[in-house]
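Please read through the structure below; I'll follow up with questions.
All chains are identified by letter, namely A, B, C, D, E, F, G and H, in their written order; residue positions are counted from 1 within each chain.
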Amino acid sequence: MTEDLASYADLDLDRTRRRGYPEAVYCAGKTAEQVTGIAAALAEHAGGVTLFTRASTEHAQAVLAALPDAFHDPVAQLLAWPPLPPEPTGERVVVVAAGTSDLPVAREAALTAQYLGRATDLIVDVGVAGLHRILGHVELLRQARVVVVVAGMDGALPGVVAGLISAPVVAVPTSVGYGAAFEGLAALLTMLNSCAPGVAVVNIDNGYGAGHLAAQITAA
Amino acid sequence: MTEDLASYADLDLDRTRRRGYPEAVYCAGKTAEQVTGIAAALAEHAGGVTLFTRASTEHAQAVLAALPDAFHDPVAQLLAWPPLPPEPTGERVVVVAAGTSDLPVAREAALTAQYLGRATDLIVDVGVAGLHRILGHVELLRQARVVVVVAGMDGALPGVVAGLISAPVVAVPTSVGYGAAFEGLAALLTMLNSCAPGVAVVNIDNGYGAGHLAAQITAA
Amino acid sequence: MTEDLASYADLDLDRTRRRGYPEAVYCAGKTAEQVTGIAAALAEHAGGVTLFTRASTEHAQAVLAALPDAFHDPVAQLLAWPPLPPEPTGERVVVVAAGTSDLPVAREAALTAQYLGRATDLIVDVGVAGLHRILGHVELLRQARVVVVVAGMDGALPGVVAGLISAPVVAVPTSVGYGAAFEGLAALLTMLNSCAPGVAVVNIDNGYGAGHLAAQITAA
Amino acid sequence: MTEDLASYADLDLDRTRRRGYPEAVYCAGKTAEQVTGIAAALAEHAGGVTLFTRASTEHAQAVLAALPDAFHDPVAQLLAWPPLPPEPTGERVVVVAAGTSDLPVAREAALTAQYLGRATDLIVDVGVAGLHRILGHVELLRQARVVVVVAGMDGALPGVVAGLISAPVVAVPTSVGYGAAFEGLAALLTMLNSCAPGVAVVNIDNGYGAGHLAAQITAA
Amino acid sequence: MTEDLASYADLDLDRTRRRGYPEAVYCAGKTAEQVTGIAAALAEHAGGVTLFTRASTEHAQAVLAALPDAFHDPVAQLLAWPPLPPEPTGERVVVVAAGTSDLPVAREAALTAQYLGRATDLIVDVGVAGLHRILGHVELLRQARVVVVVAGMDGALPGVVAGLISAPVVAVPTSVGYGAAFEGLAALLTMLNSCAPGVAVVNIDNGYGAGHLAAQITAA
Amino acid sequence: MTEDLASYADLDLDRTRRRGYPEAVYCAGKTAEQVTGIAAALAEHAGGVTLFTRASTEHAQAVLAALPDAFHDPVAQLLAWPPLPPEPTGERVVVVAAGTSDLPVAREAALTAQYLGRATDLIVDVGVAGLHRILGHVELLRQARVVVVVAGMDGALPGVVAGLISAPVVAVPTSVGYGAAFEGLAALLTMLNSCAPGVAVVNIDNGYGAGHLAAQITAA
Amino acid sequence: MTEDLASYADLDLDRTRRRGYPEAVYCAGKTAEQVTGIAAALAEHAGGVTLFTRASTEHAQAVLAALPDAFHDPVAQLLAWPPLPPEPTGERVVVVAAGTSDLPVAREAALTAQYLGRATDLIVDVGVAGLHRILGHVELLRQARVVVVVAGMDGALPGVVAGLISAPVVAVPTSVGYGAAFEGLAALLTMLNSCAPGVAVVNIDNGYGAGHLAAQITAA
Amino acid sequence: MTEDLASYADLDLDRTRRRGYPEAVYCAGKTAEQVTGIAAALAEHAGGVTLFTRASTEHAQAVLAALPDAFHDPVAQLLAWPPLPPEPTGERVVVVAAGTSDLPVAREAALTAQYLGRATDLIVDVGVAGLHRILGHVELLRQARVVVVVAGMDGALPGVVAGLISAPVVAVPTSVGYGAAFEGLAALLTMLNSCAPGVAVVNIDNGYGAGHLAAQITAA
């Protein structure tokens, strides 16, 4: 027995008109049945792209049941429909992952920006422990209109990048690290206290939020 | 071998007389055997309704072993016996869930209020990210004598609702959200700091407590 | 040189119509000049009572400069204008202070409820360390439609009171206590975790919020 | 291949002589092989009783492999050898569990005190939500030389008991409760801030520590 | 005796060339003598504007000793030299203060953006307790390329604004509020957990950082 | 104009009968007038000793106004009346201060125990940084029936003492130390986690509570 | 299909030249495929030893797939390649584990120091609860140029050792302990607040970091 | 009347023999009279240098009363006696202050190392916001046997320095920064989570501890 959509969701279909960006479906905490119902409903209404974030394997199957041709990136736990991102408009978004372990969140950010209409670059494994690595990319970084920097452990990279460029940095703390990282709290605080101004902080592991913010900053 | 009830429980059978509301059985941390024993004992004594909260599948089976016709809502992890709520008295309780992911807690609140004798309404998925959704329900909200608002992430909805109506708001933070939600702490603090007065806060994910409080406020 | 009111305040004059209770002016963080300006403006518009909360001596003088006959309680750091509370309507509010040191907050709660139109009682120094004291008031507590309980240190009194009566308890943690009280955090957590249901928690030391909530619950 | 005991343990065999109470083996974090090795070594040396605490099923099997007749209480996760507690000396220890869910910790406390040579009583499910339950035991409590009170959620019971009796109260917070219990932190802070003096606090869920302390206080 | 500049400062004179924005002098923790020395040195080198942030009265006098015609806003604790902001370039920055008590931080943000070359608007006292106030400004907000929203207590306003517009929101938590605001922590967490995407969070009370970030986002 | 005692205090005069120890007056948060009123009232009723804790200079004067011959220790912020402690009964209490900076709290503990009828010893400045100092007192420590250990910073001394003796240790964390001491939190956690059993923890800087607990443990 | 190394890693091959110590691969958060890819790449380039830390069974298999003769210690979750540590240079490193449960972290520290070129000693189970145990090793400790001390629960041992010797102590808190250990936070704070100077603190459970630091301090 | 030294202090005169470094007197929390008494006593016994740390103006006068020719640095709140540091032995210590506001703590570290017998260098105002500043000192940093790095706000500098050199870094977080610096907590966590190994962390603002540790590491 399928429950009525209205008993569990009131889709913000107006969002694209109001904000220019469509609603995304946060899958965590939703049942597979609810996700299927929402996917089916969005399929009928959405003018633009719909994203499904934090999707477990089970959630992904639920989306694909309603939207079989949807794009699915299991590492980023992201689905998108229609499967192809729009033609890029606005300016490029550069996404940087401090370490290999930060890659899932960085990918979620880059994909989000792409599906919201931006061209993106991805730079990986350039943490401050070996400064020459990020310094080797300064030229590219200086050309960006926004740089998303994803980092766990000490979370020091966004501040270092911000000090090198004129564009704003969107900083994403990750939950990567030893005990006193406290699941991303240490990196979060580092980023909020960046001694270089120009660092915009989002929630721990929130690649979607970072990609969205970057897309807004680089809008045409 | 069944242990004697007295070795693990001292039922507050006096509660209905003293408070007007019966004791509920908090199942978390109890063995199935203990829950069965309590259910059996309550079946003999209870004047009114008995609720079993935070009941896992195993706990539910334990209750149903002693009270086969008990009502069971697995989403809300709640059981009630006798299975039918009493005829409503007092005034209506409106329950609002900010997002779909907050629905299990909202349902626990609504069911609790029903089994304690109130008529209830449930409004779902009307978070502040799309303000028009909650504003579309203002008329109903203004007629309520109390509104229970369940919200995770930023926990902003209860304060917004409180600013629109004259009735008190019972605010329930949920553990839904990204890392810096800290399992509901962020929403809890938001609610405690609501800049609109009239917000009564209960524990994280405590739908039972919210429904109970709402029933007390709306008592005849 | 006096700054224009519009440059620092946008009074919520609509609040009485919308909510049935007038805006209150939170003085902390405002300059004396701003408070005077707001007081003068409210004097012209307000249909009902205006409260000024968290008013330092300097703030109080600023209010009295604009509204010389305003009521002022320095212990509760509260001013009210017009100086006389309205004729009580609705049901009585009982306010309980666990210790003498909790009295300023308890008084803020009781005065707020009075100025919002309720009759009040005040019971003082009946903490759980000597249980016979609160037990000596059970009869009065059982007659109340709401009880505001103000407590610091362990914050245990609201839960104990809630377990004795059928009416809801509004619990106010105070910042009174030794180091591990962490400025009211310990009492706040106790109240949120009350094992007796029926406890509505407000912010630390927020007597105004408690009195407001109690007035709403007891409205005619 | 068995590793040499000296490579992972340096038993405090001197403890009984020095302190009057034997070393206990904290099993959490030890391999089964290590626990077996320690059990075998203690079997040869110990003058008195040896306790094994926080023993998982696997740990318990490891102990029983070396000491087949050891006593084992799976609920309290405790083993003792030799299996029979000594003849009681000193004064009685009364152990109180606020709720049924606190029973495993309470049992760990009671058994520890017994194996260290004390007679014990156990009172269960007498939380402050129904005050008459604990008040019904006041006479027994007043005769005790020490009372161990185990409580989760609000952790209010130890302070209430302390206010009723002349003997010291050993308070054990448990990790039982909803989100804002923060795994026992709320109860811990309540107990540290007890407004009744005479409350000795131990670590969260540390029934062993409470039973040991109680045995010391009641020593002959 | 004046100490040598090099013994306490190594001015980042390269910053304007590297980042397009000059170094600011964070006065907190510096002696008056050091601030004077830095001001004197910057007077000789700086190509553009120099800002002095978090300047106490004593710090302000120290700056004015070296740069007598500097601009000084004591409420925002900010000084700027040369005293006139540059001709605006880029796009407008709208700054919103939720309450009157948030005005000092909002002013610091607006002045920073102005001295970094942006035209600004300032909207005051439009917190979510009276939603019609912010809704009355939606048209202006929708025209902005970035909106800075400053809020204490529940910190709910930035998320509400973000849900209404397409531009990014720079959110600044303030330390305004009752005990459980924990000096801005509650508002900070709310903003990080905003259920509307598009919220860029900066440090508590950091109006300078917000204005800087807004200037970067709106750069020509 | 003096307010009526009943409007701010409900003395627990029954406490001596009920618990064997008289009520103490916690002065922090009380006005001088209230303290005088309470002192005057207690003078008429108290069967035994009355203690006034956390007394500022102003509080002390208020007590001495009503009870001119009261004993006053400004370092411990304690007053006692009648001025002479009773003849000691029960067993000796040994109080240990880890550092000189912990002395005020240690003195509060020792004086409390004395006024509740115990003989006391005081050992000072024997922290674990120079282990030979505490080891030089082992003989005295081993003769005690209870040892109160007061320590700030790392709070390591109580656990070390507990490991050396058979008697229980009452551990008092103090707020002494560098930043990451977090006003006594570090020492508090150390004591709760003592790897030697037998440590009873009280609130930060709570010398009164420690002395009271020690007196109870050593009662005849 | 194997992804290109450059898409997920940018190896810091320069580290040995720059720092004298090679990069280590932190396996947590990496896929098995990524670890294999990194291992293969390092096999071609590395001049000295490569360590793989925090390696699960699956990670270990991934390393061994590329480097079949690598050394693997499953308890320490460490792999090293080439499998034999270099001939020791510099001075000896003494590693101390307070309890048996701290052994995995202690082993990670000792092995790291060995593979970075130091001779090591390991002392186990000498916590402060039985002080004679660590005192029995003072002679060896006094000969060390650095002592690594690993401890959970109260974390008191490093400060005690520091007070006995002239060499620096590297302190490693572990996540071992009861609830209020808060996963190593209690031990971490103890170590940061050590009342004996000379304690260098690293992250919770970070044996690798401790061994690395010790190797640097003892470098020839 | 002067109290006897033994009533408040038990000087660790053995420390120089045992550890090679003399006891330092932590003045915070001590009375001026106590500090004078200790200074007088140390004057008679001390073989080497005595340091007085955290000395307020009043404390400094107390030291100078007993030791009129003592060295006094009011910025570092440090006194030393005899006034001249010993001839340097061992290796150089380089101290780095990230910002001007971190200078007092950096100076405390450098002076401590000097009085314990080391030659020191001091580099100031080279935070990561302008990376070229620290990179300009790499040569000097690479020659050091230890580098002390003092930083507030994001605390990122120590990790960056550690990644550039082979010597260990002693990292000192300071309490400098905006609200979410939480008095140094943010910088402390950053340092503990440094993604470059080789960072030894000490307490917030603890320049003395850092200087002491550096002196031990560089001992001859």
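One rule holds for everything that comes next: contacts are C-beta pairs under 8 Å (C-beta built on N, C-alpha and C of every residue); 3 or more make two chains touch, one makes a residue touch a chain.
A quick note: this is a predicted structure, and the numbers were derived from the prediction, not measured.
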Smallest number of touch links from chain E to reach chain G? 2
Copies chain G and chain A - interface residue numbers shared by over half, same or different: different
By residue number, over half of the contact pairs should agree; on that basis which option among A-G, A-E or A-H is the same interface as B-E? A-H
So how far apart, in whole Å, are chain D and chain H when each is placed at the average of its C-alpha atoms? 44
Once you find the CA centre of chain D and the CA centre of chain F, what distance in Å lies between them? 27
Approximately how many whole Å separate the CA-defined centres of chain C and chain F? 34
Touching two or more other chains - residues of chain D: 18, 99, 129-130, 163-164, 177-178, 180-181, 185, 188, 192-193, 203, 209
Can you give me every chain pair that touches, using the contact definition above? A-B, A-E, A-G, A-H, B-C, B-D, B-E, C-D, C-E, C-F, D-F, D-G, E-H, F-G, F-H, G-H
Counting only contacts in the complex, chain A reaches chain B at residues 6-12, 14-15, 18, 23, 26, 28-30, 34, 38, 173, 175, 183-185, 188, 203-206, 209
Can you check the complex and tell me which residues of chain D touch chain F? 18-21, 24, 163-168, 170, 188, 192-193, 197-203, 208-209, 212-213, 216-217, 219
Taking the touch rule as given, give the residues of chain G at its contact with chain F in the complex, in rising order. 98-99, 127-131, 153-156, 159-160, 162-164, 177-178, 180-182, 185-187, 189-196
Chain F contacts chain H in the complex at 99-103, 124-126, 129-130, 132-133, 152, 176-181
